[in-house]
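The following blocks contain the structures, represented as structure tokens.
Two complexes, one shared chain (chain A), two partners (chain B, chain C).
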Partner chain A sequence: MKWNGRCIISESNNTLLSIRSLTIAYQHGNEWLEAVRDFSLDIGHGETVGLVGESGSGKSTVALAIMRYLGQGGRVVAGEVWLNGRNLLALSPTQMRHIWGRQLSMVPQDPLSSLNPSIRVGEQLAEALRHHMGMGQTTAAQRAVELLEMVRVPDPERVARSYPHQISGGMQQRVMIAMALGTEPQMLVLDEPTTNLDVTTQAAVLDLFRELIQRQNTAVLYVTHNLGVVARICNRVTVLYAGEQVEDAPTADLFRQPLHPYSQGLLDSVPQLGQHKSQASLQGISGHIPALGERPSGCVFAPRCTLAVDECYEKRPSWESLPNGRFVRCHRWAEIASGDISTRHPAQASTPPKPQPQSQPPLLTLDNVQVHFGLGRSLADTLARKPPAKVRAVDGISLTMQQGETIGLVGESGSGKTTLARAIIGLEPRTNGQMTFCQIPLPPTLSERTLETLRHLQYVFQNPEEALNPYLTIGETLRRPFITLLGYNRQQADTAVRHLLQQVKLPPHYADRLPHQLSGGEKQRIAIARAFATNPDLLIADEAVSALDVSVQAAILNLLAELQTERQNALLFISHDLAVVGYLADRIAVMYVGKLMELTETAVLLEPPYHPYTEALLSAVPITNPEVSQEHIRLEGDVPSQTNVPSGCPFHPRCPRYLGDICANQTPPWQTTRQGKQIFCHIPVDELQQIQKPVLREHHASEAHNG
Partner chain B sequence: MAKYILRRLSFLALTLILTSLLVFAVTQFVPGDVARIVLGREAGEEALEAFREKFGLNDPLPVQYLRWLGNFVTGDWGESISTRSDIYPIVMERLRNSLQLAAITLIISVPLATLLGVIAGLNENRLADNLISVASLSVVGLPEFVTGLILIEVFSRRLNLLPANSSVRQGTPFMDALPMLILPAITATLVLLAYIARLTRAGVVEELKKPYVRTAVLKGLPYRTVIVKHVLRNALLPTITIIAISFGWLISGLIVIENVFNYPGLGRLLVFAIDRRDLPLMQAVTMVTVLGFALANLAADLLYAYLNPRIRLD
Partner chain C sequence: MTTEISQETILSRTSWLKRLTNGLRILYASPATAVGTTIFILFVLMALFGPMLAPYGFNEQIYTDARQPPSPTHWFGTDNLGRDVFSRVVLGARDILRLSGLGTILAVISGTTFGLVSGYWGGLFDEILMRIFDSLLAMPALLLALLLLGTLGPSENSVLVVILIVYTPIVARVVRSVVLSVKTRAFVEAARLQGESLGRILFREILPSVLPALTVEAALRFSYAIFLVASLGFLGVGVQPPNPNWGLMVSEARQNVSQLPWALYFPAGAIAVVVIGVNLMADGLKRILQAGD
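For the complex of A and B:
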């Protein structure tokens, strides 16, 4: 990707959408609470502007207000939304019907629920064409197929005849894009359109957006929480925090020199590809976003800002217009701009445990582990003598883990990574294969395992609710493992709980709270505390930070790294996010439909040769570093279903380096590269080395990493 | 879809077998000796024994069950103990009457209730919705015999428009019976109305909240298209199931209405049979109603599946 640092300042005559001091309130009981305050933005023809914020920032509210679709609980209190010289907020619903589709369209986050389940895809596209473009039945139906072709849906005729539930998530989102662009609107609002997609699919969809937007000269407001996506697609970015616009700048400028402390924090919270915990801990932002009714009256960010001074609590900063087309809302922006102050501390590296050398006896071994599920067979299937469908969730994984080592397991949806985790934990009995833990065979199910094993093998899941009983106080929850697994008495357990809370950076009085009184990040801290209570040798964390906002996620990643430094435990960290995995892990295992594709030291992850799938993954990960350009490799299609795993190399239907029949029919060999990477591919590693370029390249030697 | 139909059909068979077992078992435990009830207190032991022998009441239960089931399936429903006549024609005649009444009731109530429900749902918590809710709930609160008597008072006594007595005689052609069916059908409609309307309303309210409605609106489609083409297609699906359940109730549960209007339906026949401890008649009526109920549900399930591509194409 080439960085487009050009700053596009919209001339007034080029402005298509102009939002002036928009204030939106939501009804809570009898009160109207301001969700978004004083929001202003101009978007010119053909310009793509990112609206970035974490959950609760009000970004989707802005999007819906522009669409004039706030719903019953919401109301625009003040402000104007001008599109093509008309104030949309003054229009009646009937007048809006001429604007919707024709001038203004939207692509929402969740394509499946946004499509009518009982109308064929083609008709859902065609009806708008007939209505707005005056096409007849046949022309509209033909055009619908052309549109599907335009968004690169394979076999568009078949898809047009399908119902939404019959096509994959990536295809559904393409249909939504085709629908939004089909009527050639001038303005497009995209509300987290790629958030639910796998990273390789997301990359392809983003490419598509860029191409189509350019071709039709459409103006775009791109609403997202993902800074990497913004970096890839937007000319300009506006950052929203707790309903307040805090900064607005050309994308490259914002990434190079964020002026608002919140923007800085946001950027520093996201680990970069190639950034590792041993270099520097993540900066993150302490605390969490205030609830709607609890926003401070001065600067909304003051309670979390490390640079806050008295003035910040008293007076709301104004929306400063800077000479270079930037805007910022901070009392201290000038000091930040000049570099006098910064939220960025000198890098503080954690000293992670040194994994035991491979010669030592391993902590955990997996030998050809398989987990297959039989799908239930119906009476009709039995009568028709169909064999039961087999789901090959995990299809022969072998792996060795040393004491104190961190292995990152990365994979897209359907890769089987979670099933593998559950098989190791004992929640999902394996179908085949052997495991040992501390050199003792590990039985397939939890109930067959000894207390000693349970103590030393702990886990944290994506959803902390699973680990927390809503009716027990935090203290009671945390006391349990001490009493049941370690045999402490009540008093000893209480002391231990206090110590534990302190370690996960929560005040001792949290012991008396109930789970619902905690924020998402706090709950995850408790889940981590519970897992660490028994001082485990191995912690398995499955998507443990995925549900959290990036600023909270950073804090949890730091916590995991710190606790590991202290306890010297091994960590199996499972995630779909390669950058996060790379930040924590010593070694990375890449999984694809139930099989391992590559096993590599994190230090050499970015060096070629790569497994072709890893190469595509690295190329798809959205990166936020403006100094880095990325190789452009895109995968066709979607991750195959686990009931229908491709033969030979499971990656072959999508592999850009597909060799031919050998890939389709023969299981590839494991090869070892000079750097010690293990690669599951037919292409000899030396040849891979020759044909592959490094996926990420820095333009400038300086400023390699933030923080 | 074929798989789905097969599964539904096997459910139907299972339901019917279970019910037949249940019907058979229940009649075995009815207190009192059937022979004595039929023959009266003065009957001698010999006469009783002869009766039991004739009706097979001395055989082991499984034998009795299989014989009964076999006869039932072949249309030999036996002789009524109380009237000494063949059961099959009696029940069929009553079934025909009940089906007629059910059909008329559904023709009146379904479009009306659906319309009211849709209007209420589209105007959630606004005046129209509240009016419809209050009106339909206050009607449903009235017992059937009260609404029935009021209707008779108004439409036959005062206005003299429709007959108060609906005792359709055997073999009356449908068009001649029609006037007699209207008042009972309206009474039954008043019971069903609130029920179907509320469910329809709930369906509409729920669908309106779904994101696909937003998509349709933001496409700029006319309001009518959004509602009729997008919303109702999905919102009315649950209503189909409710209509099927109502149908079951209409063919067997109209005991009060049939009594008020003196209408010869299955409900009254069942009461009669129970009254006389006429076991064979009771069994036959129960089996017929269960069969009707099950078939109505099957039809509803199939229609639902047919209209819902998520099931049809699985």
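For the complex of A and C:
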């Protein structure tokens, strides 16, 4: 066996978990393909190490291998996993049962599939305690409630008596954390534990982790794709790409000076809060992660690396140990470290379309748009003559959009942003309110709209896997809008398709491919191409990048900005990610439970005063810039259900700046600040200005990331 | 427009041919489905080339050789009227496969159309149609068939109508369930946003997703249709004598089963073998098409 880097087993007193040259393979037909190669890592007591990588990098495979949870299709080919001086991989299943719980525990990504749906939450917690801690019936039940209290579950007694489906996603994740921490393990493996949560909930859960980990001095391996989360919680980070460790460094060092081109690219792919497309386009990474059987033999990253030289394709770089506790696997790291070469090229500003001044006739107006869904009534409710419950997904939105303008609509899940988009596009008929498009009233349903309207109003769907018909070739899919909406004949359409493919930077022969032959990013390019085919005046993009890996996401965002520059169309960009929205949009609309909370120019987004909800959002967004400190504001509870929207200001139950009865009873007024922000709040803007500090503050004036 | 159609059909034909050869290869990879497919192909060949294979006519009476057990001259023996059982079994294949095949195709076409429209439109139309289908499904297939044949009078066309009516609801249900899951997918909504017509959405956007399930269902329906046609023949309400229907032959041979068991066993065996064969093939198809997607 070949040992690389820190190969000598030096069990220093502090090391708890030590992974040595772990190689894991998955069965693919008759052959075994290496998913993770030569992975080494040490984690000390109380240390939190982030394992970062995009999908397909093998990060979850490592986590599963440590837990000995690899299924039938996977096996450890080589390497060792030492915990407390015992090699876990050599233990029998019976011996592992003593390790799980007290020494080693895991919080999985999807809590709902890990909780038993037919057993009450409290009982599930108690079971773990009885099994691992040897507690008795009553002690375990009591301790379960205490644990729920510890993870800040409101009303723990009630939650303990609930079934998993009766509590929210954030609560379920807290239950999983309580279960993992309840046995006081020395080592905790967290596999994307906050990925399915909203930002405000994520921020609260991360705080909780940090606090509990410190209190119990637990060592943590935190597996995630989100660099911002790593920045917030980890001491050290290991970056994984295509099964290969490419860099390992203390968190601050990595963010300040990444040494591997992939780490650089990963950091640059994510827009910073406050970064705007007019300043510089994002520097993503071209191409996509290779499939399991197609990994290059030299450096795995070479085909996507702008700095690759011949050596990179021929020889696999070794795991170099650097003086200050850093490791990197790159032939050219020394040149990168000295600053001689860099993947970062000088910023290129794009010239996005200028929105028409407000005096011009608007492109789109929404006037008090409401979308309500009726829910079915039970027989008992019908007999009791209760009115059917109503989901108020969109509850009175008014908005005006100019020609060529980009509006970013941001909100957490359940805010109604997707429903609003679908109401505009006509897939979800509105219940109330008026819309005009190009000063012509816009009918609520698709069938009432003319082909001319359809042509100028297009949509990019969230999930590229779903948006393309798996049985039609790309050419066929792209040809249709030209034929149905523009009346082209077959030949004209084919020419147009070739041109269109070129514009989304795909080769013309892709027209003959079927969707399953494309990567996720390529599919999204096709979906964007289809929406742009008819040269629409308004394009609505609903979470168009959220299903993609960050390196691909950057390329798609650039593409959207570029096409928009070329076509001068207006864009309504919907996302849960404030940084992404801020990067693209001229104006930002913040939505909460069906209502707009704030409407602001992007340029002044980061300046107080804010709506208290915007303030909390900004404070919850994980940021990767180590030079910036963030105000600490956390929201209690979860986003309320749309069936039971709070009266008055819908945000009042969670508002950290709650005034009193006025917030609970009266609809707030729209106020305008000096910078032209519109804020839906009872607190006078002057007062907000006084009590609020800027959420983001830079330590140094130099490294300017926030414009 | 014409160029579009021709190119599209060529494209889909090549891909279908590829899929067919691929499909056959996989069908032959598992022993059970290989047997099923072989049986099916043999019976189809028998139906096509029966008159060339059969040594005697289906109604030809060899008075000298009546009531003979199987022998080199009469492989399956002869019945009490002196007809060669082997020839009758071989020649009977055409009738039964033609009727059940044609009936299945009709049922698949109507079931698919009803399923597509009903699933896509939903609402009251769907509600009413499905309740009608439910009431048809509530009756045992054979009972329903007898009822219909009683009204229509026994003839080949009636048998076709019976298969159509008995199997349309089943096919429609299968198609509808797939449509319900597909119609909310983003690519169907995207087609609506591109101003596509209803027909195009149903048959070009949604139908391809239905095809895997539909193919399996069609194969299964075909095997049951063979059984149904044979049963109706046995009960004397389907194909009328003297045509060589296997079910009819079983029914005729029933009276003499103690003396002439071969006259019953061979046609009965033919029914069993072909039904099992097609079933095995349907199973294999299911595995292939579900793995393929």
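Definition applied: the second predicted complex is superposed on the first by the 688 of 707 C-alpha atoms of A that agree within 3 Å, B and C clash if a C-alpha of one lies under 4 Å from a C-alpha of the other, contacts with A are read in each partner's own complex, and residues count from 1 in each chain.
Operating definition for what follows: contacts are C-beta pairs under 8 Å (C-beta built on N, C-alpha and C of every residue); 3 or more make two chains touch, one makes a residue touch a chain.
Computed from a predicted structure; not experimentally measured.
Colleague: So in the superposed three-chain picture, is A:L451 touching just chain B, just chain C, both, or none of them (first/second/both/neither)?
Modeller: second
Colleague: Where does A:G29 make contact in the superposed view: on chain B (first), on chain C (second), on both, or on neither?
Modeller: neither
Colleague: Tell me the contact category for A:L485 with respect to chain B and chain C: first, second, both or neither.
Modeller: second
Colleague: Based on the superposed arrangement, let me know which partner A:D110 touches: chain B (first), chain C (second), both, or neither?
Modeller: first
Colleague: See if chain A has more residues touched by chain B or by chain C, and give me that chain.
Modeller: Counting contacted residues of chain A, the larger count belongs to B.
Colleague: Of the partners chain B and chain C, which touch A:N463 in the superposed model: first, second, both, neither?
Modeller: After superposition on chain A, A:N463 lies in contact with chain C alone.
Colleague: Which residues form the common part of the chain A surface touched by chain B and by chain C?
Modeller: Comparing the two interfaces on chain A, one with chain B and one with chain C, no residues are shared.
Colleague: Within their complex, state which residues of chain A touch chain B.
Modeller: Residues of chain A touching chain B: 67, 69, 93, 96-102, 105-106, 108, 110, 113-119, 127-128, 131-132, 163, 165-166, 176, 179, 183, 378-381, 383.
Colleague: Inside the complex, what are the residues of chain C that reach chain A?
Modeller: For this pair, the touching residues of chain C are 1, 3-4, 7-8, 11, 185-196, 204-205, 208-209, 293.
Colleague: List the residues on chain A that touch chain C in their complex, please.
Modeller: The contact residues of chain A facing chain C are 425-427, 446, 451, 454-455, 458-459, 461-463, 466-473, 476, 480-481, 484-485, 490, 527, 530.
Colleague: Give the list of chain B residues in touch with chain A in this complex.
Modeller: Residue positions touching the partner: 2-3, 6-7, 10, 210-212, 214-223, 225, 229-230, 233-234, 307-310, 313.
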